[in-house]
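The following blocks contain the structures, represented as structure tokens.
Below, chain A partners chain B and then partners chain C, in two separate complexes.
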Partner chain A sequence: MLFNSFDFAIFLPIVFILYWFVFKKSLKLQNALIVIASYVFYGWWDWRFLSLILFSTLVDFLVGRSLGQENRETKRRVLLWISIIVNLGFLGFFKYFNFFLESFQDAFSLLGMDIGGRALSIVLPVGISFYTFQTLSYTIDVYKRKLEPTKDFIAFAAFVSFFPQLVAGPIERATHLLPQFYKHRQFNYALAVNGCRQILWGFFKKLVIADNCAEFANQIFNNSEAYGGSTLFLGALFFTFQIYGDFSGYSDIAIGTSRLFGFDLMKNFAFPYFSRDIAEFWRRWHISLSTWFRDYVYIPLGGSRGSRWKQIRNVFIIFIVSGFWHGANLTFILWGTLNALYFLPLLLLNLNRSNLEVVAHQKILPSLKELAQIGITFVLTVLAWVAFRAETISHAGQIYAGIFDYSLFSIPREVLSSKMLVCIALVLIFVLMEWIGRRREFAIEYLFDSYPRWIRWSSYMMIIFLMGMFMQTEETPFIYFQF
Partner chain B sequence: MTFFLKRVLIFTSIASIGYCIVFLLWTNLVPFQAFKKNLNYKMGSYGSMFTRIQEADTTRDVDILVLGSSHAYRGFDPRIFEEYGIKLFNLGPSNQTPKQANILVKKYLDQMSPELVIYEVYPGIFQGDGLESSLDLIANGPLNSDLISMTISLNHVKAYNAMIKRLYMTKTGQYDAFN
Partner chain C sequence: MNLFLKRVFNFVLIFFSGLTGTLILINFLTRNSLILKLEHDKNYVVLGHSHSECAYDDGFIDKFKNVSQSGEAYLYTYLKAEKLIKQNENLEFIFLEFTNNQIQSSMDIWIKDKEFIEARYPDYSSFMSYTEYQIMASLNLSKLLLEIPSGIEQNILFIKNRKSNFLNNYGRHLKLDKLLVKQDLLKIDSLYAIEQSKSKEVSKLNIKYLKKIIELCRNKGVQIVLIRTPFHPLYLLNKNQDLYNAFIKSDFKDVKYLDFSRFQLELNELADTQHLNKWGAERYSKWFNEFLKLGRLDQPTVDSLILIENTRLKALDDFLN
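Moving on to the complex of A and B:
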């Protein structure tokens, strides 16, 4: 089920009413309702893949229980590996099987050998990368004795399949989300209202910003050979806002929906395009994935400790693995490598933690230096998104060659239209609103502070009007569903 | 909790009215179509729907009533049938799907009492959402409960926007004054 579908508009109020009115008194029933609702939500897309979620849930629940009873280190390690192999095995098969098969075929064909093998027609189960990582966090934390294994299967199943964040995150840690299923939830009016506000803002980002930008990004990327440098760069700019609006919009809707049910999910985006360097960008972009890789891959590898070579190796590993997580395509590896290259100078000069505060914290506008830093970081990010969006490495290469050309300094007349100018105007309004609200969890949260109700309600109404007048009307799936 | 639901209800009601007001101000004051992305409201339209509805309202006792997509309204010329003494009325707009055909049949079948109804179909017509034809009908067709039901069943923001505009045009007499 898509958040931006009519089905969800019916589904959410039904679950909400059942949750708070019918099952209010029983925590177990509320959790059971969440499991059922989550399975319906997921099964709406393809019920056959529910078996994968259920199997993952069962394996990790049993592994967790066994880890709790086992003290011998060798056996504990075996249990941990069972969970890792099952979860990454599913992920590897559904997501990477064909990629590795084709890569091996290509590699051997260079040596003049035909190893045979046929690519399988595999459907990628929606959200598999997300719930796999979430359930893995549970086993790893139990293994590391950071978390007590749960005895409540329903609560655990609800944690794995929690519908607001099941298919595209935020990827929650078991230490943060699982305990929330043990506690009796009280309806909190202020939290619920804030949740609605965040849902509204998420829909605006998705339907108005992302989907409108997508139209032009697709037009330019799909016909890239016909365009000059300035148009290609414009296409990359549109994709930059498409992916941000799409993914952070999803996260906002997920976090807001969870609030309606009394849950607190972790922040996933913190105004990444106002970052002053790439390190800051990565502290603000897809935070739940970055911190997952930091905690479960980067730090176990030694992190920023050890020799310089080891540090450099770790940076490349983390960014390349992160790129590969997005999909079985060399373009994602190129995207990860580019980000590693951007990050490396900061690490070597010990500047990777120099911008921890919100930009222009006590001021309305940034200083010229900050503006230049934001501009440079933004352009670097835009250039990296080219690799992310391109279909193949050679497609990315062709776009880069087009961008780094004299035609970059021309006016992109070939695609300019009144429709595009309206889209650009909407993006500028969006950036302005994000700037004003950058100190908060999401842009329009500040409206709650001290403004009278009529201003707040008028603002929401204007956002609804902008959605009604400018949203893309085709139901477009979220980009991150394919990861 | 009940307080929250009440507030949601109050906000939804006020927001719906507010939306209509802002929408009408915007669509009347802003001159550029690019700024009215989700309003496709064309009176008259390329299938001359408005004129045909005006004629249909006063037409009685036809021999043949034609419904269907653009193949219908471009394929059955009443003048040629008239040469053979057959009275034909063509009610086919662009991209008409069974939903819109149903509204027109309900409204005009008894009044026109045709001996034969030709309903032109082709496979593509059952795949589309009929949005184009619905918008044409909302702007030009007979305003009745069937038209409102069709708008709701279509559940498309462009159809709702067109319906707000149509209600406004009818209420202010601009629909009747069009000609």
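Moving on to the complex of A and C:
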């Protein structure tokens, strides 16, 4: 089920009413309702893959229980590996089987050998990368004794399948989300209102910014041979806002929806395009995934401790794995590598933690230096997104070659249209709103908060009206569903 | 919780009231300012879907304007006819395309399907009464709601350009360059399969609006003639001819009906089995112009003129061969 569908517009109020009115008094029933609702939500897309979620849930629940009862280190390690193999096995099969097969075939064919094998037609279950990582975090934390194993299967199933964030995150940590399923939840008016605002802003990002930018990004990327440097760069800019609007929009809707049910999910985006360096960008972009990799891959590898070479190795591993997590395509590896290369100078100069505060914290506008830093970081990010969006490495190469050309300094007349100018104006308004709200959880968290209700409500209605005016009539899936 | 629900309810209520109010106001302003004016010397119009849109080249027909539009269900034709009659006192005759596919239940798709709502609703939203909104809402509420902003946007454009004549937005002759080639005719099996797969049920909605158009014309003193435009004989393959005849003889027996389907067309005058290309439209329109000039709008005249034209065509063919 898509958030931006009528099905969801009917589904959400029904679950909300049942949750707070019918099952209000029983925590167990509320959790059971969440599990059922989540399975319906997921099954709406393809019910067959519910078995995968159920199997992962069962395996990790049982592994967690066994880890809690087992003190022998060897056996605990075996249990951990069972969970890792099962979860990553599913992920590897559905997401990477064909990629590895074809890569091996290509590699061996270079040596003049045909290893045979046929690519399978595999449907990638929506959100598998998200819930796999979420459930793995539980087993790893239990193994590390950071978390008591749960005895409540329904609460655990609700944690794994919690519908607002099931298919595209935020990837929650068991230590943060699971305990929330144990506590009796009271309806919190302020939290729910805040949730509604965040949902509204999420929809605006998705329907107005992402979907409109997508139209031009697709047009330019799909016909990249026909365009000069300035148009290709414009296409990359559109994709930059498309992916941000799409993914952070989804996260906002997920977090806002969770708040309606009394849950607090972790922040996933913190205005990343206002970052002053790449390290700051990665502290603000897809935070739940970055911190997952930091805690479960980077730190166990040694993190920023040890020799310089080891540090550099760890940075490359973390970025390349992060790229590969997005999909079985060399373009994602290129994207990860580019980001590692951007990050490296900061690491070597010990500047990777120099911008921890929000930019222009006490000021309205940034200083010239900050503006230049933001500009450089933004352009680097835009260039990296080219690799992310390109179909193949050679496609990416062709676009880069096109961008780094004299035609970069021409006016992109071939694609300019009044519709595109409207889209650019919408993006500029959006950037302005984000700048104004950059100290908040999300841009409109406290929009006109000190003003009378009718002004606040009028502003929300204006946002809804803008959505109605500029949204595409197709229900467009979120980009991150494919990951 | 109660406070939250109360405020959500109030917000939704105010929002939808505001939206409805805006819609009503903008529709009202558009309705009073949108111009669909025929030129002074035009007394005849043809309305209908793509068959008539492609067949009648009004450049060759005196006093005549083609206001047909592809994929137009009678619901929209009715709204358009209402507007045309109101704004054009010189309008004497409406020729209304009535062919076999217009009684099929698949016509409902032309009202309820996404792409048809997208294509038609913005232009017609200001003409629609509560009844039409109700019909569309019952058939595809979600799509209708999604299209409301586009309707408002389009109406704002109409209001902004209120001195312009938007008649051509609502239909005009479509010149097709395509040729029907013999290979197309060899696809007879697939054509047959497509026709077989279609429901044999009748579109009650389309018939209802056809009757409303007839009633409207009668009430306003405009003469209405149902016409069937020429097509290739294969068009009738497995079509609902018996059912069609039954309608002509029962529901529409009091309405003037002229069947031009026996007007013979060469393959190079057709774009496909049901649409005339620009060469076919030119010959047919010139012929139709002569027919109108006679001033005898009856089937025997049609038949005798068609016979003469078909004989002439055959003689020409024989001569060329």
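Odds and ends about this structure:
Throughout what follows, the second predicted complex is superposed on the first by the 481 of 483 C-alpha atoms of A that agree within 3 Å, B and C clash if a C-alpha of one lies under 4 Å from a C-alpha of the other, contacts with A are read in each partner's own complex, and residues count from 1 in each chain.
Rule of thumb we're sticking to: contacts are C-beta pairs under 8 Å (C-beta built on N, C-alpha and C of every residue); 3 or more make two chains touch, one makes a residue touch a chain.
None of the values given here were measured: they were computed from a predicted structure.
With chain A as the common reference, the superposed partners chain B and chain C clash.
In the superposed model, A:Tyr182 lies in contact with neither chain B nor chain C. In the superposed model, A:Val193 makes contact with both chain B and chain C. For chain A, the partner with contacts to more residues, out of chain B and chain C, is B. In the overlay built on the shared chain, the residue A:Met461 is in contact with chain B and with chain C.
Of the two partner chains, neither chain B nor chain C is touched by A:Phe448.
In the superposition on chain A, contact of A:Phe6 is made with both chain B and chain C.
Of the two partner chains, chain B and chain C are each touched by A:Met469.
Of the candidate stretches 9-17, 189-197, 261-269 or 279-287 in chain C, only 9-17 runs into chain B once the two complexes are overlaid on chain A. Overlap of the chain B and chain C interfaces on chain A: residues 6, 20, 187, 189, 192-193, 196, 457, 460-461, 464-465, 468-469, 471, 473.
Across the complex, chain C meets chain A through its residues 1, 3-4, 7-8, 11, 14-15, 18, 114, 118, 142-143, 146-150, 152-153.
Contact residues of chain A toward chain B in the complex are 6, 20-21, 187, 189, 192-193, 196, 417-419, 421-422, 457-458, 460-462, 464-465, 468-471, 473. For chain B in complex with chain A, the touching residues are 1, 3-4, 7-8, 11, 14-15, 18-19, 22-23, 26, 32-39, 155-158, 160-161. Only residues 6, 20, 187, 189, 192-193, 196, 457, 460-461, 464-465, 468-469, 471, 473 of chain A touch chain C when the two sit together in their complex.
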